[in-house]
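Below, chain A partners chain B and then partners chain C, in two separate complexes.
This part shows the complex of A and B:
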């Protein structure tokens, strides 16, 4: 039961992270390894706002989300956009950015682990399992974001434009859709997703400079398993990996130490056996 | 001139694709560009609608051999110089290209593909109204409405692409080789529909290899060979030019 409940809750958070990543990959066609840096930054801003400055939670939460998202989008606008046709350079620069942000945080806040207070403290019993209230908050936020994204992409004019751009970023120009602008919009939504989840899960975990590492590993494993570019694949793979992670942590001795290894192992196996993942998408430019 | 192209030269690094091409289309005309493979027809259309500039900008960070695209010359549309503005802005002005091979968005349904085409039109009612017109022109698309466009046949895909480019109410429609890879009967149907679009008042610039069929369709023709315009004139005049006909069109 413990595994089932934790799996669903953690899976939803991973799903949000992976969907944001996939959305950016689809529309802007970049592998942004600095993606979870904004997860870390948002958590630190939240920590600064609520613990150091003593801001109200209703101010600290949106403020940290907005600032971290802004930083994320500007790194895209000023560093990645101009070289995005060059995959290898994008990967190198984004990983450099990720370490850059980590070093910045290290030099300001040092190595210490910080804790932030939950939105709602305490816990609740669910089918005999004690679950922190903050998990319910995180779960609620995640489900809202996923449903919201789904409705947005399937119904709205901009949403359809984003999906079209993910398929063929050249042809959308002919429909009067500025592919560059769509990339920015996807970047805002994707980075928004990662910063929102950061703030809602920060009270569950600890805030520390290398907290971006585990999520990006999970995200990469998820998108590889689900098929790069497939939102449906990311969604399903997020739950598969969350369950396997929770199972390893709960059932294996010392499991918590090898949880990233499991995700990486899945990634290696998938790449070796079925490189396109569960629901792989072939992009138009690869087809030509 | 409604659309005027002046002295367009395009080169990929050292390979010259278009060499000083000039042409013009009046409002309400049906003009064709005929030429063999590699004559530069597709590049010309891509230059006119701004995709070459888009590609050039995207490739900025790449190696020189890939990124060194030279585009020179002027393009005027509706009395305005447009060769410095982005491809999406040109589409906004009513200059729409139906690309080679159709290129529908494969994972999107037929309806979503058409909706993408109507991106520039914000009123839902108007979109619905144009959608009805497109369905009237291509009834097969209505039947396939919910189907993912990657599963369509070649002919349906071409019709979807033409339908999609009509969804934004174009002032001028550039069509790049709609007959590509189609069976003769389907090809005939597609040409028939293009003529209907023209009759409905859209200025059409059609690029084709199949010269024979095009001559009976268009009022004026350009023949392109190795990046140069080698002939310009009415279909009758072209039929009279034996040398051009034999050398470039194989008729």
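This part shows the complex of A and C:
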């Protein structure tokens, strides 16, 4: 029961993070390693708003999300968009950006640990397992975001355009859809996902400059395992890796420090059997 | 030779000898400042502590005129050496290599893995290095095994074997309180230690000794030192029925642990060592959930010596932070000053001989080094009458209280109080009975 409950809670957070990343990959075709920097930035903005400026939580939360998302989208617009055809350069620039943001935060706040208050403090027992109320909040947000994304992608015109862009950019362009505009929208949604996740999970963790590193590793593992560009794959892979982590902690406590490594091992095993990932999307072949 | 000529010759000889002696002394003290490299991870609390302790000592000593070397008062100049040792061993090696030509002495270090590498570099340059943080015994075992090569290394914190011993003594005390207060004959212990080299001997010792002490070991959890979420580990520990969580934590994970343990009200006493729990911001970072967490340190708001409280209060006033055990650089600078003054020179070999004779009553307690024939040569001497270190516990309202030694070998430092079990734990186990 312990593995099941913790796995579902952690998996939901991973799922939201990975879906945002997948969405950006699908529409804009970039592997943005600075993605979780905006997760870190949102947490710091939340901390500044609530602890230093004394803002109300209902003001601090949306403000942090909006500012961090704007920075994320601006980063894409001014740094990554023009080079997005060059995968390796995008990876290098985005990792440099991630370290740049970390250094900025380090310079301003130092390596002190900070805390932001939970939306609902305390915990609840679920089948004998103690779960922080904030984890329920995070779970609720995750489910809402995932369902919202699913409805948006399947019902709205822009959502359908994003899906179409993910499948075949050239055809989308031929049909008169602005692929650039679609990419920006996907970027806003994807970055919004990571910043929303940040403000709901930051109260569970500790706010510190390197908090972006572990999530990006897990996200990469999830999207590769699920199949690059597959939202369904990312969703399922998020839970597989979360359950792997929790299982290691419970059944192999001495190896708790390798929980992420075991999750990555699961990814390697699946890729050895299915190189395209669980639900790999085959992109359009280059047209001659 | 006439009497007059003899006196003239003797006078000339004395003048020549005097001039030569003066030249030698001038050469000996031909330094404008004594440069001490303070090596540590400066972006982290440990490095900040190293630096802050050292500058407090530097300011006091320089205000009093400096260090007397060969009859000349010489001021101390501190050189900040950013080792980045928490994240990179290679950075640490390079930082010492680069600084070795610029400084006369080194002090500092935090992480044993990096300190071992830095020690090699400092020894190559025959630079005295006073360890003020890294606690693995190997650092001084090396001195005992190869004295000629490693004799320049000294340490002013107790090694992790002694840290483990203290933690065990306290574990025994807490087990006794659990038996008496909760009526549990055989308390269950879970170990939660970060996966770093220094914690290995501590974990091994708990595994061996807990059963001998009438306790049942229910498991050992070793998350990453940088983990930001240990709720899964804590849930598993609660599931194991543990009454005591024995922590051996030096990484940032310690903050998440204190916060999530208190927030989930895990019904097990969180004792042992947590390096981040001595930081003043621990209370804020845990949102006040770190209450009842205990940790081990070299200094606290208790009277170890006459110098402790003035230093503690001065540090808090100047930096708005508690001095961590790495701030022992404060005592290290004074110990070095006294050794240099006794030696009358900055020559490493001469200063080593004087450092070996150290018996200094510092802010962090009595400082005496084990002799060269001891298995921990040049390590800080531990025990009653020497340096004992202490344990502190966070209490409601963000108050830090000394809780160990509390009667051990007849020692209770002024300002110490008895350890208190978390009330939610008492309530949980009494209800369960």
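Assume the second predicted complex is superposed on the first by the 274 of 288 C-alpha atoms of A that agree within 3 Å, B and C clash if a C-alpha of one lies under 4 Å from a C-alpha of the other, contacts with A are read in each partner's own complex, and residues count from 1 in each chain.
In this section, a residue touches a chain if its C-beta (ideal position, glycine included) is under 8 Å from a C-beta of that chain, and two chains touch if they have at least 3 such contacts.
Just so you know, these numbers come straight off a predicted model, no measurement behind them.
Trainee: Given the touch rule stated above, what does A:101 touch, chain B (first), chain C (second), both, or neither?
Mentor: Neither partner.
Trainee: Under the stated touch criterion, which partner chain does A:175 make contact with: chain B (first), chain C (second), both, or neither?
Mentor: In the superposition, A:175 contacts chain B only.
Trainee: When the two structures are overlaid on chain A, which partner does A:38 contact: first (chain B), second (chain C), both, or neither?
Mentor: neither
Trainee: Classify the contacts of A:235 with the two partner chains as first (chain B alone), second (chain C alone), both, or neither.
Mentor: neither
Trainee: Counting residues of chain A in contact, which comes out ahead: chain B or chain C?
Mentor: C
Trainee: Taking the superposition on A as described, I'd like to know which of chain B and chain C A:114 touches: first, second, both or neither.
Mentor: In the superposition, A:114 touches chain C alone.
Trainee: Quick check on the superposed pair: does A:123 touch chain B, chain C, both, or neither? Answer first, second, both or neither.
Mentor: Only chain C; A:123 stays clear of chain B.
Trainee: Quick check on the superposed pair: does A:135 touch chain B, chain C, both, or neither? Answer first, second, both or neither.
Mentor: A:135 sits against chain C, while chain B stays out of touch.
Trainee: I'd like to know which partner A:206 touches here: chain B for first, chain C for second, both or neither.
Mentor: A:206: touches chain C, not chain B.
Trainee: Between chain B (first) and chain C (second), which, if any, makes contact with A:246: first, second, both or neither?
Mentor: second
Trainee: Enumerate the residues of chain A that count as touching chain B in its complex and touching chain C in the other.
Mentor: In chain A, nothing is touched by chain B and also by chain C.
Trainee: Under the stated contact criterion, what part of chain A meets chain C in this complex?
Mentor: It is residues 2, 6, 10, 106, 110-115, 117, 121-123, 129-132, 135, 204-206, 208, 210-211, 214, 245-246, 249-250, 253-257, 259-260 of chain A that touch chain C.
Trainee: What part of chain C is in contact with chain A in the complex they form?
Mentor: 43-45, 194-195, 219-229, 231-233, 235-236, 238-239, 252, 255-256, 259-260, 263-266, 276, 281-282, 284-287
Trainee: Would you tell me which residues of chain A are touching chain B in their complex?
Mentor: Within the complex, chain A contacts chain B at residues 82-86, 89, 157, 160-161, 163-164, 167-168, 170-179, 181, 281, 284.
Trainee: Give every residue of chain B touching chain A within the complex, in rising order.
Mentor: The contact residues of chain B facing chain A are 49-51, 54-55, 58-62, 86-89, 91-92, 96-99, 103, 105-108, 112-113, 115-117, 119-120, 122, 164-165, 168.
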